[in-house]
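In the two assemblies presented below, subunit A is common to both, partnered first by subunit B and then by subunit C.
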Partner chain A sequence: MDSVIGLSVFGVDWTFLKPYIVLGLALGGAYALSGVGLVVLYQTTGVLNIAFGAVGAAGALISYYLVNHTSTPQWLAFAACIAFGGAVSLLYGVVLGPAFAARDPLVKTMGTLALALILLGLMAWRAPAGGAFNRVLTLPTTNHRFELFGATVNWTQVISLAFAIFLTAGTTIFLRTTKLGTAMRALADDREITATLGVPVRRVEASAWLVSGLVCGTAGLLLADLFTTLDYAALTFLVISSLAAALIGRLRSLWVTLAGGLAVGLVQAVLAPYGSITGYRSATPFVLSIAALLYLSRHRVVSISRTAH
Partner chain B sequence: MFTVERGALVRAAIILTLLAVVLFALPGSLGADWITTLTSVAIYSVVSLGLGILYGRVGMISLGQIALLVVGAWVATRLSYGTGLPFPLLLLVTGAIACVVGVLIGLPALRLSGLYLALITLMAAGAVSVVLRTIGFPNGGGGFTGRTSAVDLSGLAPVRRPAMAVADTAYFRYVVIVCALMFLLALLHIASKPGRAWAAIRESEPAALAAGVNITLYKLWAFALASFMAGVAGCLLAAQVGQPTAQSFQTQDSLTLLAAVLIGGIFSIWGAIVAGIFNQLVPFLFQAEWGINPNFLLIIFGVGLLQVLLTAPGGLVQQLPKDLASLGRLVVRGVRKVARGGGRST
Partner chain C sequence: MRSKKLGIVLISSLLIGLPAAAWAANKSGAGAPVGSGKASATKSVCGLGTGKKATGAPIKIGGIAMLIPGVDFTTIGKVADAYFKCVNDNGGINGRPIKYILYNEQLNPAQQAALARKLVESDKVVGIVGNTSFTECGTNWRYYKSKGFTVIGAGVQAECFGTPSFVESNMGPRYSNIGAAQALVRAGAKSLIVASPDTIAAYADGGVLKVAERAGIPGKSFPTPLPITDANSTILKLVQAAGPGGGVILDFTPDSAPPLLKAAIAQGLVDKVLWGSSTPIANEFMAGQFPEFDGKMFINQEFGLLDASQGPDTRLMLEILKKYAPTISPQAFAQMGFMDGMFATTALLKVKGAVTAKSYNNAVRSLKSVKTDMLCKPWYVGNALPYHIPNNTDITVDYKNGKVVLKEKCFDIAAVDPELAQTRAWEKKYKLNR
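Here is the complex of A and B:
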């Protein structure tokens, strides 16, 4: 029971803040999900996939089309989004991955920027935003709600947060215990030596692309629902929030990435009711990533190696 | 200081002729929308030039150039409403303020390079854009932000243009001359001490350090120069648009700028002009002249970027002459073969 005089947090009533915390945790879960996908791919292949948001957005648009313009069953339409994410990522990784393998991380990243531009162009052409078009993609789980500590929570929000935690834990165990996971960790250390040891490097890389693509499709689906309107440009640039999560995790630690994603989502949502700074809350991922990058660079070494950052 | 070769003289003559054509012959034969578009081409080629210097000459990537362009446009708008500065002075002051902001964004470059530098400049640019979008562009009010909540803005004058170039055509000529001066500034840098220092830093930072190059100074210098150019371009853009709004700058602009600059070619300053054409003229052609959905251009940018990264690091500026030369050789060889074959048969 809330007391009559509600607890006030910097001038905003605590009960009023609750829904924002729920939303923040749900969005944070989706960012963390994408962040973990980014980190696993970066560690295995050295590619920081800027197209992560664009692929998810394109998948969500496909789902939207299948649900609203065809008689496809809903579950199949949602599965199509996840499958699309996996397929596009796998295709990119198999076709262009080897061509970029020996280049430095910046060039690899710009390669995925090209993929993002192509997808953005396709989406802007086939599914123009604005005007009378206001697409909404609602997962069936969103319609089931319950009360928790006086705040309304729907199942999509629960799934988002739970899946983020599950994926982080699952990936950690997977990387530690399975053969493929060990190969991925070896690749993260040194691609050439791993190849010399007889690990099928390209197959391991392809599986990393596939898995991160599936994660990307899932995140796109969740974010399209959590963001209430399906705006491809906004969804594409949500990659910034996921990047912030990954950077907070130093592109290395999965658990810190999870925490980073939740922090980005939470801070951004909780600032919303504060009138004086609410307009600046979308700067949250930028500011947090800058802080993370500055922390990363606190020890400067001049290195003669060509691949050094 | 400089020894003048014949090649350089010929090149200078060609450039001056081209400039004369652009200044005097072009405006007379083109419509109003073409003039506006070509003005934008000139402005964006200066922004591209800044990025080209940073990435092509010094090897530092910055995704913050579009944000600096917006900062320039904002400052120019504010100063135009708040002060009576003559236009050339407005250009310089705007450039100087953008320079300070740019050096601040560039400070991490002293510790970061490659991917991390690209990311931190992208994030800094994003933060600056959020702030500017929230504050909004000045609309004739007072105070630091220059905003007023008055509903009726019909009496608001556009951002000042130079007194001698108020009409669109005259302003186009003015912009081309300012842009030519910016290119000259870049050339002077590249041909003298900073250019050599930048080349040393790009090839190997430890070697440059060992050779006594002041890395801190020359890296920040490059950022200052590129930001100055972006600021001047922002001022020119504000005066061209008249009443700039935050909505006229899109989030994806800094990404398309990077793609356009790489496609144009980062190792030659001509690449900057090609990038300006790609960024402004081609979308105009697609939309207004050919009736093609301009979003196709994003797809072309993506494919072009992949091609540049994988096979043609010099961009269109280097690749096109190379391709044309090999095509020419192929044709000559074909003609010779036919001629020889023809000689034998008779």
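Here is the complex of A and C:
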């Protein structure tokens, strides 16, 4: 049917583009997932977690080790990745979170950069890239596929997209309807006043770190599979795409973050068959986030004052 | 009473002594040292095979291997080093051990040039062995020629097979890709798509395009930057370019190929095209990891199968890896390193008198008809040849149940390049590989 219609998008046959859309939506789902985790943490603690990618990559490497070098059941190895994300984030939040609480957002972010660098160092030491063989972590769901509108889709891709939507919806409902969610939103508005009102601030922040960490571990697991290679450096720096999604959502809106993550993944993938611009696809997160920020702040009044001497 | 006591003592001695003896035997390698004994048609040894450590003044040999994200060629040098260690444990070169100095380079011509000069002028090596890099041959061939060195290595770029300074145990990606293309054409491929690292693609992929042209089918090369950061899109592009029933040749090392194969599986592309590859992924690690490709691969294997039944050299290599390089699994790079070490040792043992850079390199150049079960035909260097392509006949292999199995017996790589036709004429004229 496609060949009969012969629909061409800027010189590339529509039939050829469909698999890239599937790839893009799946990767975009994982970016959105990470982006939502980043936004929830930022809203609650004021910390923009740069270590998000590194924690996920380290968790995925642990899973790889357990699957390939021990007799650990696969499900337990994969659960270990998620648990590692939760544990490391929680530990950081509980131990260092209070120390950074009163500092500038930039200082808080630098703290997580330190965590990222420590994890990168550990991974470079224990699982160096460029070894004799490349590491590959495959989720069992990847081996189950079906055809959709002429494109092959595997279940990991479906899970990635569905989980991103589910997490966004679930988090939105959670923040609006539960006591803990209300406390988190209150913290986002004013930490000091919230504490004065008797909200256990540290416990609420710890919950945010834990939830964000669990999301981080899940995203790490999904990206290790979707990205096809367990290269710790590449996975660590995928946080850039997630940060772009979070920035598009202006670190506030979960639904816009979801849309931003999907847009980054989709644009990156769909540009692949266009020979003249395929080499610039890595700029997608930057271009999209800048464009979105410019668009979203188009009505903002900029005041410039000059003091006379 | 006395005999009863004696019996208890004897039994006790046996009970204590037997396990102790077994432990001692196990610790010492349970028998003769690896690579020792008398060489024969069914047994290969390391060097002289004496089983005694060499203790004389060391003979220095050097090597340069590329290590960049996505490609690790140091395995070749490491296995050559393992071979030399085996030689040293078996009498060395007439009592003198070989000291192997291996430097890594990061695809940097200035670094490559500096390391070559360091080896020759500062370290005072007599020979250079095990070099493998995307670009080192091009950088250093003139320097090696000026110093009278003939490097025994494993080549990648054109200068490794087109200048007098190098003689390689392998045939390199261009000829291996041609072999894979021949196999795919025989299997009925309707097109030939080949992807190599962009640094070497112009040379490595050119032969495949000539094979496609001869077969009257479309051919296209896809230079691919390393490390591969988007395997999904990369493999999809290749399969779409090949079209239904087309052939896709992957020319990547085990560092870069797994994400591509995984991406092909994840997107359900395995049965859409015929899959070919150059040598590096012909190993059990890959076969075991990707059973989805069982019976579907046309991998050009420049060497024999990695099976002990292949012959005495392969058996010896497996033993050497086990003892001297236990972290390196059997693979094509190990075969290259083993042969580089073995050919260099053969040359060293042929030197009469003092082992110097001049005498060793003259001995290298005089090598011909060196038989090994790892190659289809004997290997050679040949005096005064302007270039060397001694490995130009090989096999096709496939994956099956986690193993690498034979698909096509030894066949000549198509002489689509005049250099290969000339090489075969020299082989005949000078009786180089009989």
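One rule holds for everything that comes next: the second predicted complex is superposed on the first by the 287 of 309 C-alpha atoms of A that agree within 3 Å, B and C clash if a C-alpha of one lies under 4 Å from a C-alpha of the other, contacts with A are read in each partner's own complex, and residues count from 1 in each chain.
To be clear about the criterion, a contact is a pair of C-beta atoms (placed from the backbone, for glycine too) under 8 Å apart; a residue touches a chain by one contact, two chains touch by 3 or more.
Treat the numbers as computed from the prediction; the structure is a model and nothing was measured.
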{"item": "Touched partner set for A:169, first subunit B, second subunit C, both or neither", "value": "neither"}
{"item": "Partner chain(s) touched by A:152 [first = subunit B, second = subunit C, both, neither]", "value": "second"}
{"item": "Contacts of A:229 with subunit B and subunit C, given as first, second, both or neither", "value": "second"}
{"item": "First, second, both or neither for A:16, with subunit B first and subunit C second", "value": "second"}
{"item": "Partner chain(s) touched by A:142 [first = subunit B, second = subunit C, both, neither]", "value": "second"}
{"item": "Contacts of A:283 with subunit B and subunit C, given as first, second, both or neither", "value": "first"}
{"item": "Comparison of subunit B and subunit C by subunit A residues contacted", "value": "B"}
{"item": "Which of subunit B and subunit C A:269 touches, first, second, both or neither", "value": "second"}
{"item": "Subunit A residues contacted in one complex by subunit B, in the other by subunit C", "value": "233, 282"}
{"item": "Complex interface listing, subunit B residues touching subunit A", "value": "61, 108, 110-116, 118-120, 123-124, 126-127, 130-131, 134, 204-206, 209, 251-252, 255-256, 258-259, 262, 293, 295-303, 305-306, 309-310"}
{"item": "Complex contacts: residues of subunit C adjacent to subunit A", "value": "67-72, 75, 227-233, 236-237, 240, 254-260, 262-263, 265-269, 285, 289, 328-329, 331, 333"}
{"item": "Of subunit A, residues touching subunit B in the complex", "value": "48, 96, 99-100, 103-107, 109-111, 113-122, 124-125, 128, 233, 237, 240, 243-244, 247, 279-280, 282-283, 285-287, 289-290, 293-294, 296-298, 300, 302-304, 309"}
{"item": "For the subunit A and subunit C complex, residues of the former touching the latter", "value": "16, 19-20, 23, 129-136, 138, 142-143, 145, 152, 154, 156, 225-229, 231, 233-234, 269, 272-273, 278, 281-282"}
